[in-house]
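What follows is chain A paired twice: with chain B in the first complex and chain C in the second.
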Partner chain A sequence: MASEIEKGTKYIPEMTQSEIDDLNKSMKTSSLKVIEDNIEKMKKSWKDRPQVMEYFDEISNLFGKRQEEIKQQKATGKKVIGYSCIFAPIEMILAADAIPVRVGSGWYDSAKLGDRIMPVEVCPVIRSTVGAKMVNLSPFLELSDAIVMPLTCDGRTKLSEMLADHKPIWRMNPPRVKDDPHTLSMWKQEIMVIKEKIEKLTGNKIDRKNLKTAIEKMQQATKAFRRLQELRKGNPVINGRDAMLVNQTSLWDDIERWTQKVNELCDELEKRLEQKEYSTYPDTPRVMLTGTPMIWPDSWKVPNLIEESNPQGVVVVDEQCSGDRILYDPVGVDEWTMSDMIDAIGERYLMACTCPCFTSEHGNEDRINWIIDRIKEYKVDGVIYYVVRGCILYAMEYQRIKNVLDKMNIPVYYLDTEYTREDVGQMKTRVEAFLEMLEARMDI
Partner chain B sequence: MTNNNEKTEYWRWLEYKKVRPNMDPKKAKIITAGVDVGSVGSKAVIMLDGEIYAWSVMRTGSNSSDSAKKALGWAMEDTGLTLDDFHYIVGTGYGRVNVPMANRAITEIACHAKGANYIWGPTVRTVLDVGGQDVKAIKVDQNGKVVSFLMNDKCAAGTGRGMEVIADLLKIPIEDVGKVSLSVTEEPKPVSSTCVVFAKTEAVGLLRKGWTKEKVIAAYVRAMAIRMSELIEKVGCEKDFVITGGQSKNIGIVDRVEKILGVKRLPVPNLEETGLDPASAGAIGAALFAKALYEKSLNQ
Partner chain C sequence: MLEIIAETLRITIAVALILAGMLAIVIWVRNNTRKLSTLRLFVQIVAVVLIFLGLIIGPFGQDQWEYLGTAPKDIAIGKEIFGRPYPDGLTVPTFSCYYASGRTATCVVWQLQSYLFPDFGTSSVYSTSGVERLAIATGLLILMSIIFGRFLCGWICPFGLYMDLLTRLRKALKIKHWTLSDRTNEVLRQSRYLIIATFLILSVILGMRAIAGVELVSETELGRYLEIPFCQVCPAKPLFVLVEGALGFMDVDYMLSQTIGDFALTGWYLTSINLVILGVVTVGSFKIRRLWCRICPLGGLIAIFSRFGPFKKISLIKLTKVEEKCTKCGICKRVCPPQVTEVYDDKGGDVTVSSCILCFRCVEMCPYEGCLQVEVAGKPIYKSKNWLKEEE
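Right, the complex of A and B next:
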């Protein structure tokens, strides 16, 4: 029971409706402009951008078609379940006929609002998400009937309390030690708790049949996703930014339709690969991104810089929960029994994940192995390690990754930034110098 | 120094230019230029077949493209050259994309590495470039190629601009800042602020406390030298070590960085005769890249 003194919201300050409306309007306008600019830039950099990309452009409009669709479905009684992190078991949400949407915020403007209640040392992803809530900026967060929040870092732990001022929050407690014998059973209990909550909210029982259907749906998505990533291994037939956009729209799109569109895109790209029609010069330095999630639309700052730099780079792969980690791993079921399916979901979300929130006897070695494998498979020339200030776990794991990459003779650059546009000029110099360095190495 | 001369611009440093005698552009096969538009200084270097012929160093104005034109125009004075004579021009520095006559832009990081290799030779491994608004620690190989680098964050403290602000505040001509900072008998505690705005406030406070100007400037310069040394240590200081950029002239910085790191930098060459100016290392590197790029274009 909260104390008598503690009335009203616990964190989020009272604001007048007119202030909320004004800020919402100006931030939305500015965000629409950023979305439009990003798409324009992608189109400009990729002559003959396939027509099917326009589908993903449309879905990328956070205030557009997809929002309207969800609104309409909600009006028919469907529930919307938001999630802040890819640990949330999407299959369970789908099985209960609810709509899953990711609600993390990539808006720079709203981070300034978050500053009203948090010091600037706090990760801007958190400040921005709270700021977005303060002025109802995020359509998907607003539409959510509940939000699944795996507490993967300190920022997200307190974020769950802040958002609880306005939304039902379902916390998940991911184990931090991955190799303890009881880790998996503990995590499965967390998943069972979420399962019950989903069933209660939606009024739909998650059973063997609908869970199997949901798992199969997501397996199809994974298949399409892997098909696209496979295409990035050779000479570039898709620019990094476009692939990143495709990957990220899966977080809020209708997953079946998304899968179909990705397959259409891959059909086209496979043709182009055969005909050697590349999206950019084949000798462009190949960059891998890792680190803090890069959330659409404002965080496109970094891939825009890389792919518009002189010399130019192309992002061929990433190790981010906003990118290649989203759908890479399928839920692998042996027997389609309820208990087997739940086991498989538990394993997929926990054991396959390379998030730096984990440790084990050998530290977060899964991440190291993932990065090493990808560097080899995607013929990566250099790695950009992206960290926003306040993102402690990624910042701290850098040294270990760097030591490994140094041994492999793969250059890595630590690119630290904030949720701001003011440092673009300075970042441009860093990114260009890094790409010049990669280009010079390739000349030898 | 007088107190009644309020208008003296203590921060203003000497601009200079030079054309080397006994060199004939008419006999040159490849004429290139490097134009480095920094946040504080604009530098232009003209090369004849890869050898420095003329150069200029002047203050950057409010407009990058004007500054580029002025710097190169000044270097071209008394050479008989016109813009049409150049085979290739590379722009570098903060304003590199706004060098209108440039065929290509290359970052100052690559250019300083290349320039340092040219000035001091293939043994250079670590370059500290202290510019007007940022500090870069660069590791290079025997060919002058960048192996890795680090850059301070967006902040002018400890850089040329920071020094100008402090010189103005303390009414010490900018050329003397280094020397004056070394005139203290004992090193004072460094200022604690890493931001030039706060450092200025802190300096005012120290003056009020009765510190001498010399002691205050020493505290400021020392703090900045410590920051720079930390950056180099992070990238790893290998010999030979050199300092480039405008602040390579600041003996107060250079001396202290050497002491903190325990490494001597290679001595500055004879600028008057050779044009091998560490402050122009970026423009030198750019002019060399221009030559290489022109030659590459001939082979294609």
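Right, the complex of A and C next:
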């Protein structure tokens, strides 16, 4: 009997090795091409792109240098711990001297493959991740020794089961009501469980000292990140896509080196700001992105459209867990005791997060406040609310946010799409119409 | 004449010192936002020195009340107010204990209790009537509560400093602290008002010594203690008396000679109850930050005159929050010494509450630019910052 059930838990269909290899090869080639294209496009729109951006271009190659680096470190006995969502306590992973990498995937091709085992109604982020696993496409997922999976939405909940066929999956159960004291203590227990698992896997004890070092490392990253964000508040000295790329590479790069490079970039940009050398015209409509995470490289389709259309827009800020929300919040430690550090980490990942998977007495107000604040701080002219079909959490929150933005007299555009390149032409028209409207408003 | 000049000079120096200190504070805070806690410690220490070692601005070493030791007991600021003698000196709503000899100012709790009954004791020190003194004490209490509010608790109160030092010691030893549940805190907060009412009523009743011919307490030393009931249980008294004794500012022999009797009521300077409570509070606030402040009746008194009714509107120092900048990250709640939850829970605007000691730790630790701010008379003087910038 038991054996029947065991069979049933296997989600992923049997495929022949040659089919896997073929698909892997073609998808990899196509992905490398998309990466290259995106970088080309970014270079073209920003004539005077700083030298140091090349570093981020290099890291952005998912099949390139960083993958090799991790492989080498893995060979020396280091463990790689993947995570599917920014709820995973990175500080703990770093403290145990393991390598944290984000494993969520955004390949359009592999989303189609995912359709084989999942209905198309499911969010393409999930289908794409499963599809990538079917043909071992994602280098970071393949390299992971274990994957931390916070179960934020239905898609991720089932995804954790599917991936469990291949990798040890460490589930985390984020409470849905985040500001209740008892749910916070529940979440802290989840963090403690993960801590134990990390310790067991790596054989390294997470203690006061290494945890403190890890927290400080991440604080430095946040500091650099905020420095970059600060630069996006004024006239554009960096294009939105480039900033987004910088932010997203922090998910798999060595965080210390990343911090250093971001600071180098900021040094350069600060100089340019002084000399009034802008990356694009200062009167370009300033756009904010919100909604479903945009995962490198395929989802660059949207920011590419915004920043290349005519009239052009510039993405100055976003409210996405693939962008500005990755590093914005620091872990604020009051007393450097183990217990306070863990509390601080727990709160940082749960309470400061504005994911739509939460609700509270007043609804997910934190997210609305975040958006309002960013609109004011970054002098946003219009908001693009990006949703991929199937991501119902973001889709459902749209109306409430629209109501608030209407009151603020900020235009918002609901841009729904799929993991496909086929709708680019049609999307271009939509985006252009929106930007034209923004520009017309600005002229008044 | 000479005396008046000397007195004026002393007060001027004291005031100048305080102003210079405040100026230094303002300048320093501008540059070092993350160092606010250190600054607070510094201000607290200066305040303790000013309150208890009035000796440094008085004729040090001169015996005034010879049986008390070398410290001049009555080097008090404001011994005269509006030309009326006010022998115990300036009323300050902090635990600037009357019993410790070198003080320059006096604890309002002591004054309220002793002035409540007009024929205080058999002493002849007072030429002013009790009602007048009571009016001055209450007036000053209300005035200072409006101006400073519980800033006095966070930054001035010597007993608050004692608890903060215990916290610092615990931090240095890397021992974790305990938190009390919100409900327990609420009960403690409410109990402050009960304690205030109890000790005020008791001091009236016991101060009368007899009601309708029925003797309550006899005309003895014991009677004198009981007229000031709260001070016989206050944890601050033995602390300051012992410290001053140890430092040689008080005559320990005399002090001990006044500390006699059975367990419950031993004496003027120390009662066993004082000592037991001090012990409990010491152990407790080692593990729980600002434990005593959560039930302190004096904190409650200040809160009454700064956080409720019409006083709430006119009180000068306030803590405000910009709703949309708050991501509800919870840091303010976690770092708050008396575990105030309202700063976190409340939506925006004025978030100052009666249990907040205005220590501004939350403002210092809130990581969002301009989310929390300290306002004095409606003007923001200190705001939360992206403190990562300062952390080098």
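Going forward, the second predicted complex is superposed on the first by the 436 of 444 C-alpha atoms of A that agree within 3 Å, B and C clash if a C-alpha of one lies under 4 Å from a C-alpha of the other, contacts with A are read in each partner's own complex, and residues count from 1 in each chain.
Going forward, a contact is a pair of C-beta atoms (placed from the backbone, for glycine too) under 8 Å apart; a residue touches a chain by one contact, two chains touch by 3 or more.
Values in this document were obtained by computation on a predicted structure and should not be read as measured data.
Chemist: Determine, for the superposed arrangement built on chain A, whether chain B and chain C clash or fit.
Modeler: When both complexes are placed onto chain A, chain B and chain C end up side by side without any clash.
Chemist: Does the superposition put A:347 against chain B (first), chain C (second), both, or neither?
Modeler: Once the two structures are laid over each other on A, A:347 reaches chain C alone.
Chemist: Contact-wise, after the overlay, does A:423 reach chain B, chain C, both or neither (first, second, both, neither)?
Modeler: first
Chemist: Per the overlay, which chain contacts more chain A residues, chain B or chain C?
Modeler: Ranking chain B and chain C by residues of chain A touched puts C first.
Chemist: I want to verify one number. Taking the Cα centroids, what angle sits at chain A between chain B and chain C, in steps of 10 degrees?
Modeler: 120
Chemist: For A:373 in the superposed arrangement: first (chain B), second (chain C), both or neither?
Modeler: So A:373 only meets chain C here.
Chemist: One more residue to check, A:411. First (chain B), second (chain C), both or neither?
Modeler: A:411: touches chain B, not chain C.
Chemist: With both complexes superposed on chain A, which partner does A:432 reach: first (chain B), second (chain C), both or neither?
Modeler: Only chain B is touched by A:432; chain C is not.
Chemist: Once the two complexes are aligned on their shared chain, state how close chain B comes to chain C by Cα atoms, in whole Å.
Modeler: So the smallest C-alpha to C-alpha spacing between these two chains is 26 Å.
Chemist: After overlaying the two complexes on chain A, where does the chain B footprint on chain A coincide with the chain C footprint?
Modeler: Looking at chain A, the two contact sets are disjoint.
Chemist: Spell out the residues on chain C that touch chain A in their complex, using ranges where they run on.
Modeler: 171, 174-177, 182, 323-331, 334-335, 365, 367, 386-389, 391
Chemist: Can you name the residues of chain A that touch chain C in the complex?
Modeler: Those residues of chain A that touch chain C are 178-179, 181, 184, 208, 219-220, 222-223, 226, 329-330, 332, 334-340, 343-344, 347-348, 351-352, 354, 366, 369-370, 372-373, 376.
Chemist: Along chain B, where are the residues that touch chain A in the complex?
Modeler: 94, 104-110, 134, 145-149, 151, 153-154
Chemist: Quick check on the complex: what are the chain A residues that touch chain B?
Modeler: Going through chain A, the ones touching chain B are 310, 411, 416, 422-423, 425-426, 429-430, 432-433, 436-437, 440-441.
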